[in-house]
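Structures are listed in the sections that come next.
Paired with chain B in one complex and with chain C in the other, chain A is shared by the two complexes that follow.
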Partner chain A sequence: MDDLIKRAKELLESSRVKVVIGYENGTDGKTRALFAEKPGDADNLVFNSRCIMNLAAYVTKKEIRNKGKMALIATLPVMRAVIQLASEYQVNDDNLLVLGITPESKLIEFKDLAEVEKFVHQFQIEIDSRNKEMLDKIEKMTPSERWDFWIQELSPCFKCYACRAACPMCYCSRCTVDFNQPQWIPVPSHELGNLEWHIMRAIHLAGRCIDCDACYNACPLAIPLNLLTKRMLQDARENFGGYQPSLKADHLMSTFKPEDKDNFIL
Partner chain B sequence: MNIEKRYIRKGSLEKLFEIIKSDSRTVVGPSARNDKISFKKIEKYSEITADYIQTTQSAKETAFPRTEKILDYSKNSDGISVIGTDLNEIPEIVLWGVRPCDTIGAGELSAIFNWDYRDEIYNNRKSHIAVLGFSCSKADEYCFCTSVGGNPGSTEGSDILFTRAGDDGDYLAEIMTEKGLQIASLAPDLFEKDGNVDKSGYLAKVPVKFDREQVREKLEKLFESGMWVDQSLKCLGCGACAYVCPTCACFDIQDEAHGRSGSRIRCWDSCGFSIFTLHTSGHNPREVQSQRWRQRIMHKFSYMPDRLAVYGCTGCGRCSRACPADMNILEQLISIQEAIV
Partner chain C sequence: MEDFEPKIVAFVCNWCTYAGADLTGTSRIKYASNVRIIRFPCTGRIDYMLLIKAFDEGADGIIVSGCHPNDCHYTSGNFHARRRWIMFRALCNFVGIDIRRIKFSWVSAAEGAKWADIVNSTVSSIRELGPYDEYKKVAGRPVKEVAHG
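So, the complex of A and B:
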């Protein structure tokens, strides 16, 4: 912690970055984003196991980017998000410096995003056992049981779009649901509206979702919508050799390889 | 001023529930699902969660559903026919287990829906709801009802307010309205006389954190303040705060057409969304999040008291609990009160 604060201060004092994005203590034991712009602000930085929000959601926000070069305190999921964002030309070495925190809670400063990528590639994205169990359970359902499961799970959704807002990959300045000429997705949060929104969201994250669970953690109604993206990760592993965010723009779902399986075509 | 004070034994609540159900009324109450407590239609008494501080969502959906068809239309050779909502189909609902910060919210919602136009559907739904409030014996650090004119044992908006007032778990029942009397008359044996219990000792302690009149006065001078940018920097721009709020009433009107017929649907909307104020021209008068956050606070603590003589906040703390970025509204309101202008 002390070295994190010390380093953040040095970066701000030397003007190497204009803002350090990290965590501070929030309400009821939670943590939240802190945007340190003056060296003194960095005193409030904290890091602990409660720092689960994916701060990469902030690096594509105009209000933050306009401040100048950003330093981002990044756990492994945040680093993955940064690499995916870099491959989509949303961040680069000129506007972002990554202050990594290793799974052992050690501070690690990366010279550039290529180093972040190297670090990230030491780890596979693993779906935790609780969610794996849930995916297996859904897999064993008949199509009509599965349909009922999803209708039931999605029914409380009131479309606050907290999942979209908290997702680092949902940075579109105008989301498909916000178009009304034509209206692709029904606005009301009725059965069809909710179903189409969640399918659309998941499909737009195919081959891009870094499995950080930010969407699920943000959902005020605890809808297990992350199961959709987790299932896609499983499919990617089984059919296309797995997903790993990479600086090369060879995106999993938009790049055809002759050896790709086509057994999903009915 | 309550009409009658009675006493009801802990074990009698279930009997009251059964009697209300057998009177063919729909009971909506707090129930746990996915670790969240929400209002839902209750079939069995055991589905009701009694031990909770606050539900994730407010009870407003009973009177102002998130999605509500307001008319059907069809086009044929004779012209266009329009069929409005059948007000006779609006169900009789008993809202069970509502906290005082929610029952008060119904008054604020009603002020909005009767401002310059009396909203027929809302008012009809509202008139078919009987509210059984339950006082708070517990509070958390998000609660601030006492700073906005409420208190954990407020009877405002309840037809009957139950307060756990006895060490053996019995309840004081304050019957406040004719509707409340009518519910009590369904089960006269359960409501015992002698309700002269001082409930204050059984209520949660919620310290006053700010003065809303002072916040209102400050806001008049803060429209151009830079504090909105600082406060809203971590806001992600979702609508969770508005959708869990007991008094947020903004809605969107959507037409869903299927060939020559279709429906007009009213659905919740939120001032936190960037497209909320987007004009057809492409111009957006609230183009950045700080302006949207300012609108949220201004609307609740300045515009609503100016125009409707009510504030738009009951201190329930739901917005802060639901916020994925931990935008704690209480902290923000305190800093507004303390702002140097």
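So, the complex of A and C:
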């Protein structure tokens, strides 16, 4: 990863960017986000298979944006998130430079977001076989078995919102769960609030989730909450032909087709 | 279950279904009184959270109804709503919410009789399903309700 550090240093020295967002070694064998503002900071950059958090979650944060132009070290899911954020007018070429890392671990610098988009579109979002099996298993249950399954799975949740913090798409300055007039989601760690929080989270990510699993990886209790968004991804495919984050195309849920399915409507 | 009277909450749009339900009344068509109608500017305004809240508050069934495709007062609100319903229904089904309890329909301002049919058929199918105890238990509501009305 010497070329990564070298490039980050160059960018910071030439002041082309004010901050490089990447990974550094954390405690307990984990990696954490590094915000390199001086060329020397870049020495701590690492990249390996333990770098699983989605760094795109930081590019919408005021504290980072206010520093000036950002460079983001981005694996494929991170690039997807960047394109989705760009399509939602959260980032643009003026405030973000993408230092991509290909699935073959090669460094690739993109001139602009349009190039990132082109790169991203070479790959389909694929749900891995283990999760697919799990989805099928749940699908085969009866509705009340599914209900029991989810009440059980969600019961340890105490709504720490680590899933929300880790998600690059959850950038609303005021989230629905933070409203208390009316109180949409009951706050206590209780079945009802847990269920409603996870339904709300999944539905707000419908057509936007890029399946990076950052939410699942961030969950301190390893609740399989990513299954909900994966299911939404599949439903988007089955009903609307799926979606790819895209700079120009309409968002899946803010558009419609006259021929959308309506066999369930009386 | 003889004495069970289902509570139905209907989320309807101002321009078609609400006017349709009005027509049901002015035409003096008698229909089940189990439904509480909530009027919205458009089906496109109906947030998923509102439907969830209805179950929270003890509803046994929900009706969501608006203008037929191409009849929306705001041109495309019902088309957007339909997309959302497709996804919402799928998610509800996936988490085990009984989607037989959520009915979607298009009822125009001229379809007073259809509205009566929708309500009557919903009430009778929910009566068969019984009270939504699964959700009520989680929501901390008494599961055995005394008949009213």
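The rule is short, and it goes like this: the second predicted complex is superposed on the first by the 259 of 266 C-alpha atoms of A that agree within 3 Å, B and C clash if a C-alpha of one lies under 4 Å from a C-alpha of the other, contacts with A are read in each partner's own complex, and residues count from 1 in each chain.
Operating definition for what follows: a contact is a pair of C-beta atoms (placed from the backbone, for glycine too) under 8 Å apart; a residue touches a chain by one contact, two chains touch by 3 or more.
Being a predicted model, the structure only gives us computed values, none of them experimental.
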Checklist entry - Should the pairing of chain B and chain C on chain A count as a clash or a fit in the superposition? => result fit
Next on the checklist: Quick check for you: in the superposed arrangement, does A:Pro224 touch first (chain B), second (chain C), both or neither?
Outcome noted: first
Checklist entry - First (chain B), second (chain C), both or neither: which does A:Tyr161 touch? => result first
Checklist entry - Regarding the shared-chain residue A:Lys30, is it in contact with chain B (first), chain C (second), both, or neither? => result first
Checklist entry - Can A:Arg146 be said to touch chain B (first), chain C (second), both, or neither? => result second
Checklist entry - If you stack the two complexes on chain A, which partner ends up touching A:Met53: first (chain B), second (chain C), both, or neither? => result first
Checklist entry - Should A:Glu63 be classified as contacting the first partner (chain B), the second (chain C), both, or neither? => result first
Item to check | Geometry of the superposed three-chain model: angle at chain A (Cα centres of chain B and chain C, steps of 10 degrees) | outcome: 90
Next on the checklist: Quick check for you: in the superposed arrangement, does A:Ser189 touch first (chain B), second (chain C), both or neither?
Outcome noted: first
Item to check | Distance of closest approach, chain C and chain B, by C-alpha atoms in Å | outcome: 7
Checklist entry - Which chain A residues are contacted by chain C in one complex and by chain B in the other? => result none
Item to check | Residue numbers on chain A that touch chain C, as the complex places them | outcome: 138-139, 141, 143-151, 176, 184, 191-192, 195-196, 198-200, 202-203, 206-207, 228, 231-232, 235-236, 239-240, 252-258, 260-262, 264-266
Checklist entry - Quick one: in the complex, what on chain C touches chain A? => result 48-49, 52-53, 56, 69-70, 76, 79-80, 82-99, 103-106, 118, 134, 138-140
Checklist outcome for this item: Counting only contacts in the complex, chain A reaches chain B at residues 26-28, 30-33, 35, 53, 57-58, 62-64, 156, 158-162, 164-166, 174, 178, 183, 186-190, 193, 217-218, 220-224
Checklist entry - If you look only at chain B, which of its residues touch chain A in the complex? => result 33-36, 38, 56-57, 66-67, 140-142, 229, 233-234, 236-240, 242-244, 252, 254, 256, 265, 267-268, 270, 273-275, 288-290, 320-322, 324-326, 328, 331
